[in-house]
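Each chain gets a letter, A, B, C and D, in the order it is written, and its residues are counted from 1.
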Amino acid sequence: MNEKELRAELATSIRLLEYMGLIDFSGHVSVRLPKEDTLLINSWGGSRCSLGPDDIVRAGMNGESLDPGKEVPSEIFIHTSIYRKRPDVQAISHLHPPITTALSIAGKPYVPVMHHGAIFGTGVPVHDNCGHVNSKAKGDVLAELLADHRALIMRGHGAVVVAESIRGVFFGSVYLEDNAAKLAEAWKMGEPIPLREDECAASAGIWRQNQFNKIWNYYQEKSGIYFQ
Amino acid sequence: MNEKELRAELATSIRLLEYMGLIDFSGHVSVRLPKEDTLLINSWGGSRCSLGPDDIVRAGMNGESLDPGKEVPSEIFIHTSIYRKRPDVQAISHLHPPITTALSIAGKPYVPVMHHGAIFGTGVPVHDNCGHVNSKAKGDVLAELLADHRALIMRGHGAVVVAESIRGVFFGSVYLEDNAAKLAEAWKMGEPIPLREDECAASAGIWRQNQFNKIWNYYQEKSGIYFQ
Amino acid sequence: MNEKELRAELATSIRLLEYMGLIDFSGHVSVRLPKEDTLLINSWGGSRCSLGPDDIVRAGMNGESLDPGKEVPSEIFIHTSIYRKRPDVQAISHLHPPITTALSIAGKPYVPVMHHGAIFGTGVPVHDNCGHVNSKAKGDVLAELLADHRALIMRGHGAVVVAESIRGVFFGSVYLEDNAAKLAEAWKMGEPIPLREDECAASAGIWRQNQFNKIWNYYQEKSGIYFQ
Amino acid sequence: MNEKELRAELATSIRLLEYMGLIDFSGHVSVRLPKEDTLLINSWGGSRCSLGPDDIVRAGMNGESLDPGKEVPSEIFIHTSIYRKRPDVQAISHLHPPITTALSIAGKPYVPVMHHGAIFGTGVPVHDNCGHVNSKAKGDVLAELLADHRALIMRGHGAVVVAESIRGVFFGSVYLEDNAAKLAEAWKMGEPIPLREDECAASAGIWRQNQFNKIWNYYQEKSGIYFQ
């Protein structure tokens, strides 16, 4: 994808996550520009329920806006710190997913209980601080905690999902909350049954491009959100 | 019904189940073609929120597509194994119903607690594996577990409902989740009161064509989903 | 109101209750015709999400349709038995309210916990049988159980609300479920605090015509449901 | 803002709170007129789902309507008592937020568990009476209980939020319920982890104008509610 396509893809992902109630009025998604030490991210002010490709900003790896007049989100350090530490990561979402967040407030560990939850089989660490990640130092703490996992939770605040593409991040974001929803329901009724290791191993293969595309297309059709 | 009518009926049932949040982006419904060793099912790729009669595929009882260029769902073996074992079954749904699935994760047995839940009075077995049913061998295990019941649950994954017609499957699918919803609510508050045997016996008669039609028509009117 | 106005009012109440998720595809509301031994009720077949004044049937006090070709609901005996026993009652709803019903399945007594719940301060009896009330004998059992109260619950099935007018029934129906919703939420978290007697006494005055009209008008505006 | 602008702002806030399910058919929001012993509030009869600037009434600090023919809400004393006691307060909402209210019925203290919940770090007192606040004496009791806090809860009834502007009240109203939602979810699963003092201190700075505007604009865009 060229930059124009990446901007459309990024704007679409944010609008879809907003449509699904996962990003709230202030979350963000970024993508690393190929072969450049630069990222694209939605601007601080662009409304998550109406933004488009023009609300995407170029930013440097120190969190500075490269587009004069366009402000980056104050928590951009979540993104820059992770991109520096994880060369495999090409896209990152910062979500405010209600049930995933409630689980962290209840002190319940995040475990896979659903078929699709197997993509989080290595674990989802919880950051024990609800505060804004508005500095490089705070970003580095998160990146350290994330280690090689696909997601982390910020107790009383939200979550972060990483992947090798925007659609991968979208897929991971949807199933982070979907698995959390069933996990939480089970805690309300009793004690959840986590996936066994053999189940996690057998289900890990759903992390693949044709699944990313299928669910992406489905939500585009439902929401009518398209750019270009 | 001729095949053209069955295709429209099948597409309608899938769209209605999607409208009601029971099938997600990847469930499927099938119907057996009268007097043929063949079934109709929605294609792998047809989006559940927009598909129509043209997205229906003919498939053989070994799970192979009979329509060149149209792919069957990878879990078609759920359908073929059950049709082989249950000559009384003419239609099958594979759902992803959120609350029914959550009950299985909480390890709570599925019991009838609602008037309409009586249609599941013989029990709803739970398959203790969340994995995809993507082979004949796995399909046969499910069919064995289903035995003579009207539904089964796949822990951490979804459910299967069978009936003598597409409208019967729709009716069963709706009430599988409706009964689960009340059952789960009760577990969250305390201990559910299951239907007594006399209540199940007295209520079993709601499994009949005019009830199937009434709820089918109601949801068609609400959703505006019609074909032909 | 003359009969034409009552038909419009009755159809409106059913459509509003359907809009609010309280009546499902098969509930009903009736009103007694002034100075006649006759009632108006929605027909068996009229779809609750689209019916109008023409789907209202005249019925006699033995539950028989007086309009040739129009069928009454099979549970009309809920209405006829109560009208016979309660001359003060002019209108009745038979609802399928999800949370009120779940409370009965959890075996939790219905108590007022909300300001508006005070209208049920004398208690809401629970019928310990989920079955259809499709005979005079069964209707009489319900009427006996209802006694002088404003509502009763049928475990695993639904509820009945009575009042001196259609708008009173609408008001009572909305607050039966609203109070149940808060009661159930509290049971999920701990132990609910019921209203004290002094609170019930002080709040009973909200059962009055200008409150009925205010909420009726509000939901008409929200839903856009108007007849005549 | 001049009075015309304040009327538009006030009407917008009520319509947005109604859109979000926080105010029901009978809540109200008021604003103090600068340099006058007068307030603006929505009228008793103006429907919360359709009202506009013309449904705003001028009232005196004894709760009397100053606009002949326009009635003030019967609970206006919530507003007048607080304005008299708290010169810093310029705007007040009286909400019916479902989860905040359910927490009070469950007897669970309101504590901050979310980043944004830190704005209620000094505590949210609970009034142990569900009744209408329809007299100066009752209003004064509430004002006394509120003391220097930003919100209070009326058990089994609703809540009150105060701020230095209408947008501040909107922001506080949204996050009162948002924090309550996560708090309640956690109680349903186990025991919530409240914010630590250091977290509350670090997060208190989100109470500021640019945050008020961002969420206000977001919900205006989502709902399409604009005046003038």
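The criterion applied here is as follows: a residue touches a chain if its C-beta (ideal position, glycine included) is under 8 Å from a C-beta of that chain, and two chains touch if they have at least 3 such contacts.
Just so we're clear, the structure is a prediction, and the values are computed from it rather than from any experiment.
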Chains touching both chain A and chain C, listed by label: B, D
Same vs different contact residues, chain A with chain B, by half of numbers used: different
Centre distance in Å when chain B and chain D are each reduced to the mean of their C-alpha atoms: 46
CA centroid of chain C to CA centroid of chain D, Å: 33
For chain D, residues contacting two or more additional chains: 188
Chain-level touch network, classified as line, ring, star, complete or other: ring
Interchain pairs in contact, sorted by label: A-B, A-D, B-C, C-D
Residues of chain D touching chain A in the complex: 113-115, 117-118, 181-183, 185-186, 188-193, 195, 199, 202-203, 206, 214-215, 217-219, 221-222
Chain C-facing residues of chain D, complex: 25-26, 45, 47-50, 98-99, 101-108, 129-132, 155-157, 184, 187-188
